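Each of the two complexes below includes chain A, the first together with chain B, the second together with chain C.
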Partner chain A sequence: MSRRLLLMLPAALVLIFLIVLPYANIIVISFRPLSPDGAYGQGFTAANYVTVLTSAHYWRQIWTTIWIGLVTTALALLLGFPVAWDLARNRGRSQALRRAIALSPLLVGIVVRSYGWTILLGNNGVINRLARALGLTQSIIPLMYNRFGVIVALTHVFLPFMILPIMGVLQELDPALEQAGRSLGASPRTAFRRIVLPLCLPGVQSGCVMVFILTISAYVTPMLLGGMRVKTMPMTVVSTLIDAFRWPLGAAQALVLSLCGGLILIAFMRLTPMRWNR
Partner chain B sequence: MTEVVIQDLTKRYGAAAAVDSISLSISEGEFVSLLGPSGCGKSTTLRLVAGFDQADAGKILFDGQDVSPLPPERRDIGMVFQSYALFPHMTVAQNLAFGLQMRKAPRAVIEERVARALDLVRLDGKADRYPRELSGGQQQRVALARALVIEPRILLLDEPLANLDAKLRDEMRLFIGELQRRVGITTIYVTHDQAEAMNMSDQVVVMFKGRIEQRGSPRDIYERPNGLEVATFIGQANFLSATVTVDTGRLMAQTALGTRPLPPESDASPGQVLSVLVRPEALTLTDSAAPGAVSGVVELAQYNGAFTEYRIRLADQETVCVQTPGPARHSRGVGVGLRLAMDPLWPIGSDA
Partner chain C sequence: MSRRRVLSIVCAAIYAFLLAPIVVVIIASFNSGAFLTFPPQGLSLRWYSTFLHNEVFIQAFMTSIRIAAVATGVSGVIGSMAALFTARAQPAVANSVRMAMIAPMLLPEVLTAIGLLFYFYALGIGLHHSVALIAGHILLTLPFVYINVSTALRGFDWSWEQAARSLGASPLTAFRRVTLPIIRPGLINGCLFAFIVSFDAFSTSFLLKDIGVATLPLQLFDYLRLNFTPEAAAVSSFTVFATVLVMLLAERLSGSQRRRP
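This part shows the complex of A and B:
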């Protein structure tokens, strides 16, 4: 075996055992029939897929999941880009502190962060109480147990995954490029649109892909903030697998969601140029 | 063509003045170098002229019009950056066309002028290449062409040769000098390399610590520096202690290497002790026994190809640096004779 292959072996083994085999296993399970005396029976059947694909109920959930994913990604881009810009461009003494604050959501576990939002957004939470105390309203403002709450929390939780790659490309970008544009007669806005933006597209793209993938597969945050009233596909998958103990159907549900997400990613990659050259 | 006038320009960063009230006027078509060590304020001055930084005080006039309040895009400048700053996502032709598009030039005009500019920098075959497909020297020429194709009022160059290797640097030096004369554009060139400044410029402005130390022709700066700092920054320098005497009504400087006249404009008074500048190539070496020569001992001889550099210790323990053309003819420890072939001697300051 060549030295190069040998060096690749450890990584390859990790990938095969932790990613490829489990995935292959899920695919196999999704074609198994249900069994009364175990997680799944022997033989092959497409029935699980028929159940998922023909059910308007599941399609609604897939659509909810993807809709939340798209909106969260867009919000994270909108909020994350200016932050990434500031962190990459404005040096000075506060830079380290600003970075720490921007990336701090990563320091706290996802469950804790999501619970944090329930404290803020709950019907009896900080914001509602404050609004009542200030006399702004007498009724409850519905901030939670709806898509709004789920999206707010997801955006916060996954924002660092948008900021980091964009910050990376912006840091690599020679500030003289923008200045060259200005010296040639471009306004700040035009220099941004014609020079900075195209050159940081790769970072925007990876940020969007990461946030989208993380969002459509998120479980804890939609569950805590949606309180079973916002049904996303991962929640259904978990309850099918664990509560109903129907592994084959759960596997099929998970794979259909993955497939839909994958198709959207492919479309996204096609629409945005991965690299600025050619 | 444009005349540039800088009046009392000041830029502070915190308490420190990066540019400390400098004034400078540059005539139409002139090539002026801002020369100085890093941190002397030369680049800041250029950025102020370009409009990337706002001055704290002072004015910048292009043909009498104060451009200080204008952003860079409205100053009509052409700038070449140290990193070239070519747009990596655009071809050479697109890089060149950018400035013309910003000026809303019609497509036919853009095509024609881009082709002409590429021709000017001898890159006609490279229009559809991307910058990363070009060599450093070629990228440099694209940067020059991009700055010139918009026919700006002034050309600003910020250490454009710093990233090139020595051989290419010499070549580009000639190229830029020639190009500037052909186009006839008013040019400000920032560099820390004295050879670049001396070769290309009509006028050299030497800056230290945010101030202009001296402004003059390259020859002025080399032969008649107005202080110790300029004299040592530009080329090699020996400073000999001299006593001022008078001979038939002329002020003379009496040094260990002989007595020579001081320049007529000198305001030294007889009996005064001062330093005079002696460049290494103004000294010649002979045999120690040669009549009229001052004797010394070779302490160091370094061969450089075109010339040999010696360090000679004189009888009074002073050392001087001597450059002679060709290979070393005297080895270490050998006694030699020194002759001073320089007239007049340029005083650097009193030895008080």
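This part shows the complex of A and C:
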């Protein structure tokens, strides 16, 4: 038994020393006072939280971040579900290829993907040029440097995290269950709503949770696609930490955002089964 | 139109959406003009040659490879060990271990990186010698190795290892000849994924890099903020091609291992 525990030892040490302690330390730092000549001062204070919680400026940014997160998650679900269904059910010859395409964003760096979107959505980008060449418009359609561009790119970047868990549950789901429902007189729509949806709820839930977490903590994509005109909270956190070197304030900003995100996730997990298990 | 037909059209559109930005970058990289224009003003490998002669990018590329190799090596060993432990643990223990091992993937990358930044400064190490950077990359890669090896171990019967032991094999031999061949495909896939994840990581590297150290994604990001030449597209496409090549190679490797009796 003790020898077997040794197998777990290195991973346990990594998790304790590189996850548990650093996260606890973030909380400690968030209560430190700001210091003019260092990253933080000695003693403890709640001033950083007061600064964040009483500032309309920060609340606006938190709201922007969460709003973008919610819309992106909804869009990813809308686009991810049909693909997951297609991959799980449609076993044609092209299945391997379709699978590779669906997961391709995972294998291409986030900077490269965001860059691809700037080429597509820029003011002189592919879509704008095409629209002008086709005579659809004379003016520039603003597709980038706004929330639209950020959301489109984020949806693309994180879509595989929605597809994978939903595909997982759909593969386990026996099509005979649906057929049984149909043979008992349910319409295809009813069979889908009453049988398929409740059974793939765990996959939908984990997909939504993953995409939401990834989106509200995304940094590169909003930076490249939003061009500083869409201010999300992770951008503020990074500039508070790196540019302003005010660690306690940055820590408080990050923790308030995480807390807001966490509350939304809890509400989501509570509400979803109730709606579908009725 | 039948339901199936509608679904396949919708899916085709989504597949196109998924491929679009990657395809556009690759097309742009063969542009012979000085600026990113669409359609390209003629084809050439000019920007690839510029990239391959650009010391800054080559150095960043080598740094990325080095960091990814170290992180994958460490994660490969400790992730596999943890997976072997989980496979034989009590269900309740196995479940909590599984949750803990996947946690680094579920926690926001930026927050974890901030945690490591503060922590390594508190330890007095700071960001020197890329210790913090490698620690961050180990956390990024660990879940991928763990998940893949765990999947390979599903259905593994421990009496096989015991049978080998009872026939006189040492524990090490039993592991090497019985267990290792079974987890090998999962280990290769996991390490491969880990390597790619580390190679492409941004936020972790951005917050934890030592002064003067840049990985390829960081260098690319820096370049993109000021420049608009197709060189960035050439760098990006190069990484895409390299990834595809490595994937195909690994497919071969893990496939042939599996067929061996």
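The working rule: the second predicted complex is superposed on the first by the 262 of 278 C-alpha atoms of A that agree within 3 Å, B and C clash if a C-alpha of one lies under 4 Å from a C-alpha of the other, contacts with A are read in each partner's own complex, and residues count from 1 in each chain.
Heads up, the rule we're going with is that a contact is a pair of C-beta atoms (placed from the backbone, for glycine too) under 8 Å apart; a residue touches a chain by one contact, two chains touch by 3 or more.
Note that the structure is a prediction, hence the values are computed from the model and not measured.
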{"item": "Superposed partners chain B and chain C on chain A - clash or fit", "value": "fit"}
{"item": "Partner chain in contact with A:Leu53 - chain B first, chain C second, else both or neither", "value": "neither"}
{"item": "Chain B versus chain C as contact partner of A:Ile266, first or second or both or neither", "value": "neither"}
{"item": "Which superposed partner A:Leu199 touches (first chain B, second chain C, both, neither)", "value": "first"}
{"item": "Partner contacting more residues of chain A (chain B vs chain C)", "value": "C"}
{"item": "Partner chain(s) touched by A:Val238 [first = chain B, second = chain C, both, neither]", "value": "second"}
{"item": "First, second, both or neither for A:Leu177, with chain B first and chain C second", "value": "first"}
{"item": "Which superposed partner A:Ser187 touches (first chain B, second chain C, both, neither)", "value": "first"}
{"item": "Chain B versus chain C as contact partner of A:Pro105, first or second or both or neither", "value": "second"}
{"item": "Following superposition on chain A: angle at chain A, chain B versus chain C, Cα, nearest 10°", "value": "80"}
{"item": "CA minimum distance (chain B, chain C), superposed complexes, angstrom", "value": "13"}
{"item": "Where chain A meets both chain C and chain B, residue numbers", "value": "188"}
{"item": "Touching residues (chain side chain B, partner chain A) in the complex", "value": "50-52, 71-74, 76-79, 81-83, 85-89, 98-99, 102-103, 130, 132, 146-147, 150, 156"}
{"item": "Chain A residues within the chain B interface of the complex", "value": "174, 176-177, 179-188, 190, 194-195, 198-199, 276-277"}
{"item": "Interfacial residue positions of chain C with respect to chain A in the complex", "value": "3, 7-8, 10-11, 14-15, 17-22, 24-25, 28, 36-38, 77-79, 81-82, 84-85, 88, 97, 100-101, 103-104, 106-112, 114-119, 121-122, 135, 138-139, 142, 146, 196, 199-200, 202-203, 206-207, 216-217, 220-221, 224, 232-233, 236, 239-240, 243-244, 247"}
{"item": "List of chain A residues in touch with chain C within their complex", "value": "4-5, 7-8, 10-11, 14-15, 18-19, 21-23, 25-26, 29, 39, 79, 82-83, 85-86, 90, 98, 101-102, 104-113, 115-120, 124-126, 129, 153, 156, 159, 188, 209-210, 213-214, 216-217, 219-220, 224, 234, 237-238, 241-242, 247, 250-251, 254, 258"}
